[in-house]
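Each of the next two complexes has chain A plus one other chain: chain B in the first, chain C in the second.
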Partner chain A sequence: MAYNVLIVEDTPDWRAKLVGYLVQDEEEYNIFEAGDYETALQILDDQPLDVAVIDIRLVDWDETNEQGMLLLKELDRIADVNGTQAIVITGYGDKQKMRTAFRDYRVIDFIEKHWFKPVEFKETVRKAAEEAYRAREEVIDTKYPR
Partner chain B sequence: MDALGEILVLDDNADWRDQLRAILEKDGFSVRTASNPEEASELLLERPVHAVVVDLKLGDLDLSEDAGFALFEEIDRLDLSEMIYGVVVSGHASPKSTREAFKRYGVVDCFEKGELHTQIGQFLQAIREAVIKAKYAQLSKLGFRCFKTGSTCTCSIRFNSRQVFVAMPYNSELIVMDDVYDLGIRAALQELNYEPLRADKKPVLGRDLMCNVCKFIQESAFGIVDITDWNPNVLLELGMMFGWGRTAVIIKHENSQVPSDLRGALYIEYASINSLKEQLKDGIPNLEL
Partner chain C sequence: MMTHSNEHILIIDTRDDWLSLAEDALSRAGYQVTTARSIQEAKRILDANGDHFDLILADQKVADADIGVLHDVIWAEPDRRRRVVVVFPSEPKLIKMRTHFRLGAFDCVDKQYERDKLVALVQEIFGHPFSPQPRQSRPLAAASPC
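And then the complex of A and B:
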């Protein structure tokens, strides 16, 4: 079974790099790519995901852009249904965002680009995918009468 | 009243030890302090603690070193990492150390010393969360028992210390129950940074409805149970919570009777949704979980 992984990253170089690492991994992934917030939301809506790898600033020239945090919030909201696990990769992290991500949005990891290590990244994605699978295994959709 | 929880503070600075002790004791926690990881380890072997408050930068060591992590390592070594939860209060913790604390040692939160005075509420919230997690781990170590078979539960239970199970009827002649939930219970809980969980608002997990209710109760920090109209499902759920020793906040509309078995129980009686919300906001922070 291949895991569904979404990569949200506005910088084409980084996006290609992250996709590249996962393509050559021993684990099999269906990879979805988004270069902006709207595309990412659309994919979240269309597709049950196991792992979402998310950059925080999604418009490179806009220093105030934090749309990745909104995606984390949305993912956390739907996490109980499909078990999607989130990983942050950012060039502009700060401790406050890291706290919010770990504490409130329960991300698996928060990686700053300048300390990025491919081996560690692949391992984290693998662990996240297994966790998502485990969480989703239990879900059956029915309704509660009272 | 017993202390709300046992806390161990590790900090090499005596002023900070005193300050943290004062903040925590004022809020009802029992506090011991240590100035180095070795002393801290001795204290937690002497008497168990629920949470540790850890300064990462200890002594005159190089500031790039996070000496406080040694206590988390020791907790791991003693196989207590499921039973004791950490909160970091440190000066100059790098983003990398902060990540390490969350990812590797599963701390509940990290605070910067210079900012703590503006974040006392968040700090106490983190401590409460750590204590609830630890108490829950003690409970689960005894093993959950299945409500159907009485033998050990085989479901995967994942405790969420900010989740609150809500049991209530969905309709009543007395009041609009959806408003009680949305504007009363949910509004109060969200202001206190808790997430309500009403069984019908979730997809059903597993095969059996009661199995889910059981799981939801076990996974929540406490429950709010509206006994208005004596809905049989609600009373059954309340019974399950009693049986497992879980804290239940019982509420009811003022025009609804109390079942005879519950006449001696403490409960919140509400006349309006607004008064319910205010009573919950006042009462919940003082709950002993």
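And then the complex of A and C:
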């Protein structure tokens, strides 16, 4: 079974890097890419996702941009249905954003780009995909008891 | 402010002055408070009382010093780890916060040295939509001796 993974990252180099690591992984993924908020929203609406990897600042030159946090909020709204799990990746993390992401949006991980380790990233995506599958099964079992 | 609540709080910290302040402030606010001066002592209390506590406030330095035991007694229990809030005595490093969140802590907060702020913090934790719901009041069993 291939898991559906969305990568939301405005910097083309980083996006290519993240996609590349997942393409090489032993797990099979259908990868969707978004370089901006609007494209990401469209994919969220169109595709049942297992994992969303989300950069917080989606316009690199704009220090005030936190559209990734808005996507987390949107994802949180639909996550109960699809079981979608979120992973944050950012070059501009701070204490409050990390608290909000973990506590309010229940993300699986919050990765600062300067901590980034490919092996850890791949493991985290795998773990998130399995968790999404488990959560979805739970919803199905609740709605349609066997 | 008296809340007349039944919530039980376990505080794990080595600093007697802060333990006294926290115990006094939270008891006056209506919470039932138990203190432990080490993770080992907390382990004995938790082993004797199962899931008696609605909230566990664990000092970050104490937690990090004995993270293996903390893992065994708290993180290994899915229901228990959502009750843990890690209290950072100084400005937290993001990587440390991430470690505790990834292990399952509900929140990571700054240590409050003023009574009102501490009570407000605890009220905010219990008021959060994802915080564990308080359980029925139960008597506390004595921990077995070392």
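Everything that follows uses one rule, which is that the second predicted complex is superposed on the first by the 137 of 146 C-alpha atoms of A that agree within 3 Å, B and C clash if a C-alpha of one lies under 4 Å from a C-alpha of the other, contacts with A are read in each partner's own complex, and residues count from 1 in each chain.
The working rule: a residue touches a chain if its C-beta (ideal position, glycine included) is under 8 Å from a C-beta of that chain, and two chains touch if they have at least 3 such contacts.
Predicted model only: the values in this text are computed from it and were never measured.
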With the two structures laid over each other on chain A, which partner does A:L70 touch: chain B (first), chain C (second), both, or neither?
neither
Looking at A:I31, would you say it contacts chain B, chain C, both, or neither? Reply first, second, both or neither.
neither
First, second, both or neither for A:L41, with chain B first and chain C second:
neither
Residues of chain A touched: more by chain B or chain C?
B
Per the contact definition in the header, classify A:I78: touching chain B only (first), chain C only (second), both, or neither.
neither
Using the superposition described at the top, list the residues of chain A that contact chain B and also contact chain C.
93-95, 98-99, 102-103, 109-110, 112, 115
Taking the complex as given, what residues does chain A use to touch chain C?
93-95, 98-99, 102-104, 106, 109-110, 112, 115
Taking the complex as given, what residues does chain A use to touch chain B?
80-81, 93-95, 98-99, 102-103, 108-112, 115, 134, 138-144, 146
Mind listing the chain B positions that touch chain A in their complex?
93, 95-96, 98-99, 102-103, 108-110, 112, 156, 169-170, 199-200, 202-207, 209, 231, 233
For chain C, which residues count as touching chain A in their complex?
92, 94-95, 97-98, 101-102, 106-108, 128, 130
